[in-house]
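Shared between the two complexes below is chain A, which pairs with chain B and chain C, respectively.
Then we have the complex of A and B:
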């Protein structure tokens, strides 16, 4: 079957099929549709082909082929990215890493594990849990997203407040450079290799500096004990103040999450309700972990802080099962918006924690002015907001309005000294907003670095950086992509 | 003649009392400047850079110089840019727990200031009195507590950087979580001042621990298997040591009075938790190991003394050298054993220590130049066998001209060179100071 159709197709597809095998390539329009966007569904574009290499060598050969033939290409993991990083804007050859999904080794004594890029985040923790270990970065999408994608986006998660984001847990990488050359940066886990920190630079480069084919990560021992607190506030200000008070009292919680009224309405209407009162303005989900005797004291302190900040009700999870339910309710928060709105747009700004009340008030104003409801779910401990703009794409003009409102939220974050993305990346979505936080010279300093690694810009072009020439084209694409939300 | 022109030119940017002409030829560490300027503002720094770039003048950045014996093969460049007058706190957001500071600020000063707010920078560099925050970050210096708190990579959230062309770039920002654009911060951490002068640093802070202690476990001679199984058991437990540092017998003797392989374990938490963890350590310690515990101030004093071991950055009769070695965690035991063994064979004073939970070792050597050289060669060989590396963090200039400081070029050197060429095409900043002569 495949053979027959192959004869009529173009030479690039044939040659790529030779590298990865005929079963490991998609090129028919119907098959390619599933790859025209990622978790950011506003832009769509068909790739030229999707290849599924099974080894680093195959990845390198595909990259070399693309170079020799001037074909644009990009890497793709699970496609859960929320900023459009894996969207083939230029009709790229997509190099999907999902078949490279082995756990290569676990070395408990030295606390490290080596995985292939397509290995799913949560699987790592599941594979070592019986020995009492886990992998700390826990994006809410962890049941699906790949560790390769996490490295590219420098993904965060609820527990990154205490333990850090992906970059703090990467010990080594094997990378296929945009030229096709394979490099090994400390995959044996030795720290501080002499030279500029390529590990740090590549992590979070959104798949524009190289394709990650092997990852050495740090794994951690489970904490001796964990306790989780849920606190309900009648006033957002009180909740925000409690956040600041907890942090400045010297406690470093493992997680400190907040949801506002609309977000609570969403999660309570969706698959994992836990019975939060619907008339409160804010809830905090706080987790502390560590040495058992130590956290008992911390919990006492947290409860006191909440009381001074007029908490309506505060409780400590009484069982692992209860804790699990609270977290499921929180971690499915984005999707839950689907229960109260036909469409929603996730934003991802960061602010200095102390500006929380002011910023929430300003987001409220944006909501009023745009006529769109905005729910707020966020990693309050590190000031990482996720305003969720609720809209209905079927209503003419609402998609544009939602995009504009999202962008305004980011403007507010930038205004108060924050930034436009804390974990989801710039991708396509926030290219223009880069100008909220960086000057032209600063952006040029970054594209200079891209030019060192990716001189022909064949790898994932058109992402991360604003390019004046593109504005018109992008607006057109946005319009075309509108059905995506229906 | 050239020097006097340069002197006149520099007076356009910096007042003359802050320009010093260096004395000739008595600098055994190198990395200084024939003319040393002491800018007081970022603007002055950028003007000097712009001038140097335009006129092809080479610059050596000196924050004062605890790391002047680290890299580089020239005695002096045209201009030494000293950052000793460029200090002070720009912004301390107490509630947000972030701090922005000028790069020439001494580390100890910062910690003392922050302590008033019950906060700290979670780094533990060597020579904290003299080392500046910019120098620590540019050289990526870290100590034993890296196990618990990470390194500059984990603490820095933003920079202002004066580029060689005199422009100023900000990287990162002032918030603790940020993925806008490339993580440019990482490029400058450990870059040895070869691609820009860090002018301002923004760090995230941590609360001071409520209580701390250091447990010292002195292992009897000839029981290395105990050492290894003890470390493995502690690392596999749920205890949360902030440091787990193995000291060579010679170093241990200096610091504790006991000539034994000694493990120093730090705990920092609320008091009950610290004591609980001490008990755990006692419980799993092999019977003939001597356990002593230093609480609170005594623990601080221990580390203070520790951070000041090693060469004193003055010329001595003996040749002094410091190696930083990176291996995989438990291989540290082999490195420290080798140190002890070599000190007997080569008649050298060798003091070594390394983190059993992070794999970084420091080895201080002192003795006749030839013996030091032989020992360096041997330690390098061991590092290679263990798939690690050995970098000379301190060595007099004369020896740096003979022995490569950074060891072999990494296989991806091409891209490192590409970064340097892109940012500093005229190679005016700290020329030859870094890996492969970058």
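Then we have the complex of A and C:
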């Protein structure tokens, strides 16, 4: 049956099916629609096809075929990205890596593991937890997102305050270059190799320089002890000040998270409520870990700081179960917005911690002016803000308004000396905002680097850097956004 | 013209068309998909995504497609029907979803549209028609089938069929099911036909009505008997309303919402006088609780359905909530517990059955990883989609601990499917319903007491 219908399909799909197998390719419209966007839903575009290679060799062959036939292509993991990095703007052939999901090896002695790109982030920790180890980068989507995608986006997470983002945990990569050539850039654990830091360049390149097919990651020993504190504040300023005080007191918490009133309304209306009071302006979720000796002292200090800053209520998790509930509530925060708004747009700015109260006030103003509610969930410890602009795409004009409001939030971040993305990547979403932080020359220098790897720009074109829009719709939206902004 | 060229000539894909392609009554509810923000946290919870890795077979992919039809980007045809019907309707995504999106509800509504657009044809249509319209709603026919099966097992025909190779002409997945067919007993509907109320042992504390279920009462009448036993033992008068019928879950899962509504109305009326409706089949219980969903366009019935749904309770939750006598005699066994999807994800009942089980002295509960992962039974899914059901079952069986004697659960469909699993993968666990174990413990206690009394009587001699 498949065969018969495939004869009426164009030759590229026939040929790609020969490489990956007839069952490992999607080309019917209903199937392709499921791939017209990722976690960033404002832009949608159908791919030409979706292929599911099972090996590095198959990935390379697909890439070679695309090159030979001038077909644009891109890689996709679980499609949980929030900046549109996996959206096929140019009708790409999507190379889905979710079938390459094996854990290839675990080397406890040298504290590394080798995984295929489709391996799900949380599964790595789950597979080594019984031996007392874990994988540190923990983006909120870790239940579903793939490590390949994490490398592309240089994903962070609640605990990167102390442990760093994905790039700090990558020890080696096997990469299929945009030409189809397979290269291996592994450090074998040597921290400072001669020559350029290609690992650093590839990690976070948002799928524009190559397709990662094998990843060596660092794994860590579980901390001996861990304690989690939840603090409720009547004033955002007090919460922000407490964040600064905790860090300046010398403590480096494993995580230091903040949610504001609207965000709390969202998580409390959704699937994992924990009973936060609805009338507080901010809550802090603070976690410290390490050797057990110092922990109690640190917790005491944190409680002190919170009290000095007029905390309404502060408590320490009494069990692993309670701690788990607090984190589930926080980590499902973005998705929870669905419970209070039909659509949302999450922004991802970074600011100097000390400017937090000022920035929040300005975001408030943006919200008032645009008439859209903006919730704030953020990794307060490292100043990584996630303003969530709530809107209803069914209302004419709201999408554009939301885009403009999001862009303004990033402008504020850039203005106070921060930047436009902390962990979600630029993708489609923040291409234009790259101009807030880079000059034309700086952008050109970077696209020159891209051209060395990806000379025909067939791989994931139209992402990461501002460029003339290809899809008329997109261009129009961006224009409206910019106009409203100006 | 290639597929792509066709597309490019059509509307641009970013364009939103307000003209819905759902042309029939009772379409998927816009409010249900409005909650989905496409975050993807549901992906790993979905057994069919796990098997295929393809997003049209994932919860958010399906929601996206269902929405796309309403937006006019897609029509209700075979290509749309495929993702919608490959779904197990296991509801694991609803548990995983941060925004509580009712994916199961959307799927069932979409199936209703598909079935109205394209009535089933071929052998699948015949099977479905026979089972759903000709058999399940008719008690007398079910009972006749039960008797026939009983004859099949007792007469030696079963042996002959198995030995002669007649069995080889059956499709493989049906052979697997034949091998595990439980011994057929007498339906409680028949047994208690003359009794208006089965009185509580001792003082009556509460009155409940029981849904006997269609398959349950034929294939697993002993479980219904156990349910009556544990209810009466704990002070409940049990009535079995005569006019009750099949709950309609299988029909609604298959997209036949019209029959679903008919059955729902009959049950709502049959249980009109009851204050509590007890079920021992997760799938049925979940369906009864979701009756209001069927009447979105009939407000009067919707109200009745809502009132009815409030009365429905799974046996394990009912016992847990109202208090039950903890068995005193040891039942030395190592067991594990499988969460039926429509109990755990559908009704949020997880701890209560486990509590009943671990409170039986001598029962050692071994944790099964991924206990709330679907087994692939999913109503009649294992008959209609044997390949996917088999793959899902295989992955389920990998998690069943090696060293347990029994697997306990609260749904007849799962029991059949897990029994296939045990048989197929050369395991040796017994499949039991939670109330069966509790009933067994009570019986042993009674036996022991009778023995003690006997001894006492002897001593008195």
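By our rule, the second predicted complex is superposed on the first by the 462 of 486 C-alpha atoms of A that agree within 3 Å, B and C clash if a C-alpha of one lies under 4 Å from a C-alpha of the other, contacts with A are read in each partner's own complex, and residues count from 1 in each chain.
Heads up, the rule we're going with is that a contact is a pair of C-beta atoms (placed from the backbone, for glycine too) under 8 Å apart; a residue touches a chain by one contact, two chains touch by 3 or more.
These figures come from a predicted structure and were not determined experimentally.
Q: If we overlay the two complexes on their shared chain A, which of chain B and chain C does A:313 touch? Say first, second, both or neither.
A: neither
Q: Let me test your reading of the model: by the given contact rule, A:191 touches which partner, first (chain B), second (chain C), both or neither?
A: first
Q: Now for A:440: first (chain B), second (chain C), both, or neither, which partner does it touch?
A: Touch status of A:440: no partner.
Q: Between chain B and chain C, which one contacts more residues of chain A in the superposed model?
A: Comparing chain B with chain C, the partner touching more chain A residues is B.
Q: One more residue to check, A:279. First (chain B), second (chain C), both or neither?
A: Neither: A:279 stays clear of chain B and chain C.
Q: Tell me which partner A:271 touches in the superposition: chain B (first), chain C (second), both or neither.
A: Second partner only, chain C.
Q: Taking the superposition on A as described, I'd like to know which of chain B and chain C A:369 touches: first, second, both or neither.
A: neither
Q: Determine where on chain A the residues touched by chain B overlap those touched by chain C, and list them.
A: No residue of chain A touches both chain B and chain C.
Q: Which part of chain A faces chain C closely enough to touch in the complex?
A: Counting only chain A, the residues touching chain C are 9-10, 13, 26-31, 33-39, 41, 43-46, 48, 50, 52, 78-80, 91, 96, 98-99, 101, 118, 120, 141, 143-145, 270-272, 332-339, 342-344, 471-474.
Q: Please output the residues of chain C touching chain A within their complex, sorted ascending.
A: 2-5, 7, 12-15, 34-44, 53-56, 58, 61, 64-65, 68, 73-74, 77, 79-80, 82-83, 95-101
Q: Flag every residue of chain A that touches chain B in the complex, lowest number first.
A: Those in contact with chain B are residues 108-111, 132, 153-154, 156, 160, 164-165, 167-168, 177, 183-185, 188-201, 203-205, 209, 221-224, 244, 247-252, 290-294, 297-298, 350-354, 379, 382-384, 417-426, 430, 434, 437-439, 441-443, 445-446, 448-453, 464-465.
Q: Which residues of chain B touch chain A once you look at their complex with the stated criterion?
A: On the chain B side, the touching residues are 93-98, 118, 140, 142, 150-151, 153-154, 163, 167, 169-171, 173-187, 189-191, 195, 206-208, 210, 232, 235-240, 269-270, 272-273, 276-277, 324, 326-330, 357-360, 387-389, 391, 406-407, 410-413, 415-416, 418-419, 422-423, 434-435.
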